[in-house]
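Here you go, one structure.
Here the chain labels run A, B, C and D in written order, and each chain numbers its own residues starting at 1.
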Amino acid sequence: MKYLTTIGSAKLEFEVTPDTKPIGVKLLEQAVNMDCRQLSPNSFSLLIDGKSYFLTITENGGGFAVTVNQKTVDVFVQDETGILLDKFGMSDSSSDTLGKIIVPIPGLIAKLFVSPGDTIEKDQKLFILEAMKMENEFTSPVSGTLSSIHVKKGDTVNKGTLIMEITI
Amino acid sequence: MIQKILITNRGEIAVRIIRTCREQGIKSVAVFSDVDRTAPHVLKADEAYPIGPAPSAESYLNVSRILEVMQASAADAVHPGYGFLSENAEFAETVIRAGLKWIGPSPDAIRLMGDKMAARNLAASVKAPVVPGTTEPISDIRTALETADEIGFPVLVKAAGGGGGKGMRIVSRAGDLEAAVNRARSEAVKAFSDDRIYIEKYLEEPHHIEIQVFADTQGRVISLGERECSIQRRYQKIIEETPSPFIDDQLRRKLSDTAVEITRACRYTGAGTVEFLVDKYKNYYFLEMNTRLQVEHPVTEMVIGFDLVKEQLNVAEGKPLSFPDKHLHPRGHAVECRIYAENGFNNFAPSIGKILELDFPQGPGVRLDEGVRAGQEITPYYDPLLGKLITWGQDRSEAVERMLRALQEFHVVGIETSIPYCLLIIGHESFRSGNYCTKTLEEIGSTLEEQGTSLSAEAAIAAAVGAIRRDLINTPAPAARTLERPQNSPWSMQGRKDGLR
Amino acid sequence: MIQKILITNRGEIAVRIIRTCREQGIKSVAVFSDVDRTAPHVLKADEAYPIGPAPSAESYLNVSRILEVMQASAADAVHPGYGFLSENAEFAETVIRAGLKWIGPSPDAIRLMGDKMAARNLAASVKAPVVPGTTEPISDIRTALETADEIGFPVLVKAAGGGGGKGMRIVSRAGDLEAAVNRARSEAVKAFSDDRIYIEKYLEEPHHIEIQVFADTQGRVISLGERECSIQRRYQKIIEETPSPFIDDQLRRKLSDTAVEITRACRYTGAGTVEFLVDKYKNYYFLEMNTRLQVEHPVTEMVIGFDLVKEQLNVAEGKPLSFPDKHLHPRGHAVECRIYAENGFNNFAPSIGKILELDFPQGPGVRLDEGVRAGQEITPYYDPLLGKLITWGQDRSEAVERMLRALQEFHVVGIETSIPYCLLIIGHESFRSGNYCTKTLEEIGSTLEEQGTSLSAEAAIAAAVGAIRRDLINTPAPAARTLERPQNSPWSMQGRKDGLR
Amino acid sequence: MKYLTTIGSAKLEFEVTPDTKPIGVKLLEQAVNMDCRQLSPNSFSLLIDGKSYFLTITENGGGFAVTVNQKTVDVFVQDETGILLDKFGMSDSSSDTLGKIIVPIPGLIAKLFVSPGDTIEKDQKLFILEAMKMENEFTSPVSGTLSSIHVKKGDTVNKGTLIMEITI
């Protein structure tokens, strides 16, 4: 079975034989001598042609956050079916979720820099969240128009609260 | 003789103090807020008592509840650690009035040196150089502007009761001064209920260098050498080392002598730290004195071989310090990395959540002072310091290479930490060469951010193969998988975006 | 310059060597048997290759497979650790013939000192005292009896190729000599295919003291001081320390000088250990030389501050040793406890199984050289050493109290370890006072065994309450419980019996 | 509900109220201020009147092996029903299992010291098992008569193998 993996802008295609042990892997028509063992729910040991890698892999939305050499990257995996669906334009678009600004930690909305209707540039300051005695500045991940704000200054918000929405 | 110590703190410093207590045959008493019931300091102490809800104001700063624990536990001494009540003169007085030993300097010394203005005046009285600036709090914006013009821009706006970057602003132009003063004032009021603000000269390529001092009740005052603390993010230290690669023996002696004089002048007892700024021309200026054990005290311990908490107990018991009479003979080099729950590549955003997996570095020359355990929930209520990794080496190069090795051995799943960030700083040419100042981190920040997610081709293949393998675990029957794939949740997309940039 | 080292070992020593490699920027290559695929040395090395099934003879001693890995990995040096192939002169020759650097002494030195008789003769040639006894292997039992009578009972029956208690017997009466010789011979044949046996004087209150020596290719030979290794169970060391609380400066100098002379006489290079027996009258006798890095080398590292593996690499590269020219200035005191998978209260029966939970001690003055991780299966195939805990202190008392503190911090679930046993030894008056010899452990054994399961009333209540709480987890509806209680399995009863006695 | 705990020869009776939080415990009519939290599958934190205990608790046949201060003891817990059953002599006797000698580790039977029909004293040497390159001597946990031996010298045995049986 073919697998397409995406790390940032890099794409790697593998031919995987999952029912052999160790799992057979081919990259660019070259067989890779691969031995992967799960050590704990989130840790794996991987030997590729003798090289030893200790990997931490957690699920991260549609993909996996993989830590190798203390660097974490997001890896998206598509199998044959997924690749086909993509070709026919049938995969789910996620652009509508990119503009949803959600806080990853609880805290206090200390300052709001923008108002509904504002044109927002990528990396523009949006608001300040006070948490752990520090002021945390949140910037926009996208460019677009601010369609709504769901909090006001002084609000205490929980982790995961939707703060504002930007239409791309 | 002290029999039982109440530790009014949490996290790594509480664990650190418990360890010395145990080695000294002294019972330790921990206090804990509701969210800390299963935190390491509670598990490791001989006794532990609840002191209230999660917010510090209702627990770790809740003096009346702590007084009750003092009685219930029949402790005969109090160690405040750092932060929380450690530099609160009133609390120290309360402890002493209750008949317990206070493991720290006298309330008078705490009060005197806790007031930046008073400390500056005291330093001036022993002819210690201070950074040019206001000696009185700023009353109105016009005087502020005059002073700033006099000492020259850029200037630093600072809160009298401040520290750790809180209530601090750099101002480059006269036009920005008023806003900066107002913001610093509002932060200062919030953080330490003290609205006094002053202005001082901003220095060129400044180094943050501090001297560890110790004084006993017999009148002996000693310098234990310097710590280089110039690697800071958000005005907070993240990497420290000793000796400083920047200063020479002559400057070292001058800083030590000045620190000892200041310590003597304020009739200090116990462990203290005198902080200096040193500019690129090796001019040095007294900054402030921290009247407590410092977070980064382990680097000093590693090179001098003495347990500073043990010495604090000696002083509290009225015993002389056990350092040798003449020279201390520090050995080798020590580096410390603070392990914070934060993402160094995303504006140091704090990271909270449950620690799912946790393995610490081990082996020769490695010390870990930890305050967390696997299974623990990291909450947003307290300082995000998870622990400190300290490495020692025969020389600076050995200590630095060992730090790189040790940082690589960490394994933390469930929260983000400063480990990847520290690795890149330590590995960066500026740090390796020892040629850095307090501005370095800002300058190399974007380079580090780029390196943060760039993998070698080999490592990328490993990551990809690992992800495929992990994917196979999720979906043993690959064909069924795509249909079952869950909708991307908005929050996980946020994580995704962070990871990719 | 060495670029890549193949480590023909496993467990803590392989991890130890990998750590120095990483700090030196040298790639490390691990080898593993089938049951060791996920062992720490495989996870931590840069590369790892399978070398065969679990039994050592088919994997870690499988020279032809190891030669293949040498080629496949393009390693340019081999570090054998201790045990396995480390003192195998033929293997060392093979490595050198293959064009790789051998990190150890020359094959000739290994061969010479590996033969107890030859080593004894060499020692005698430099006038080092040796224990009175046979200098030729025993050919018949009549000569053996004559020799024993001559030197006086009790005598020690030893195997020429032996070590670690294997093939060793104390004989108190002439009538037991023949049986002891036969048994030692059969064990020796099995363990190292060498049936040569000799007899020597058994000493009064003997101390096992060894000198760490180091020699470079420039001809420099240096003593790095002694290690006191008298705490032994089953003739195997379990606790070591330096300096020895038993010997004085004069004896220390004599032992060091003798060790250096022996080292020079056998044209040694690299790290070696010269072992002595010292009786209660401070008479000392050369015992043997171990031509490799010793398990307990970390206590020496802790007080001298040098990385001995790094120095081994220096010697292998033909560089001079980096110890200072004159004095070494050892600092403080270091103690090591070997953490074995065994039950100290049940005849040191090995313990195997899966490590379900694992937390290591941390904090000031603590070093852990570990060879296991949580989730790992401990198999019966190899030495049961899980790791070594080393503590350092300003003086012996600090190091000892720190060891007690650190041992208490261990948390291991799933297998039995020597931790409880070490705690009791270290806490025992004989050890605390420093007044012990190789017979002490035997003498205090029953006392320790009694202490092993005796709890204070308070701790017993805690245990009982904990068990009730645990019981409630099993059976949320208490009434239903008794009926569902499973039949006691015979094996769990066995465990129960062990625990209660 | 009443609980009787047995540690060696010591017996402690507790009155437990499992449905309160923290669980109410009374020992000798004295209420104990007890707060017990599970930290991991086998680890617990216990605060008793302020004193902090870190406990490791694993199931061990009919009871629990509890480690406190690095000392391990076996604790048997009987609730009210169990205590009653014991009084009426209805609890299961385990004396028949005591005489079954089972090896806890795999190894090689290097030596057998006894033969079927022998009278066996408690602590008498039974056999030597070679494992991990060491000779492990097994002694009898009970006195009785050796009824059967299921192995012979030189056999390689697995963990849990029944080696011999002693009739008490």
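As a convention for this text, a contact is a pair of C-beta atoms (placed from the backbone, for glycine too) under 8 Å apart; a residue touches a chain by one contact, two chains touch by 3 or more.
Predicted, not measured: the structure shown is a model, and the values here were computed from it.
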{"item": "Required minimum of steps from chain A to chain D, each step between chains that touch", "value": "2"}
{"item": "Set of chains whose contacts include both chain D and chain B", "value": "C"}
{"item": "Intercentroid distance (Cα basis), chain B paired with chain A, Å", "value": "31"}
{"item": "Centroid spacing, where centroids are CA-atom means, of chain B and chain C in whole angstrom", "value": "40"}
{"item": "Chain A and chain C, separation of their C-alpha mean positions in angstrom", "value": "48"}
{"item": "Touching two or more other chains - residues of chain D", "value": "40, 51, 54"}
{"item": "Where chain C touches two or more other chains at once, by residue number", "value": "44, 373-374, 408"}
{"item": "Footprint of chain C on chain B - complex, ascending", "value": "15-16, 19-20, 22-25, 44, 298, 301, 305-307, 322, 331-332, 359-360, 362-370, 373-374, 394, 398, 401-402, 404-405, 408-409"}
{"item": "Chain A residues within the chain C interface of the complex", "value": "35, 37, 39-40, 45, 47, 50-52, 54"}
{"item": "Chain B - residues contacting chain D, complex", "value": "29-30, 37-38, 42-49, 72-73, 373-375"}
{"item": "Complex contacts: residues of chain C adjacent to chain D", "value": "166, 191, 234, 347-352, 356-357, 380-384, 407-408, 410-411, 413, 419-420, 423, 452-455, 458-474, 478-479, 481-482, 485-497, 499-500"}
{"item": "Contact footprint of chain B on chain A as seen in their complex", "value": "1, 3, 5, 7-8, 10, 12, 14, 16, 18, 23, 25, 27, 32, 34, 36, 38, 40-44, 46, 48, 51, 53-66, 68-77, 79-82, 85, 92, 94, 97-98, 100, 102, 104-107, 131-134, 136-137, 141, 159-160, 162"}
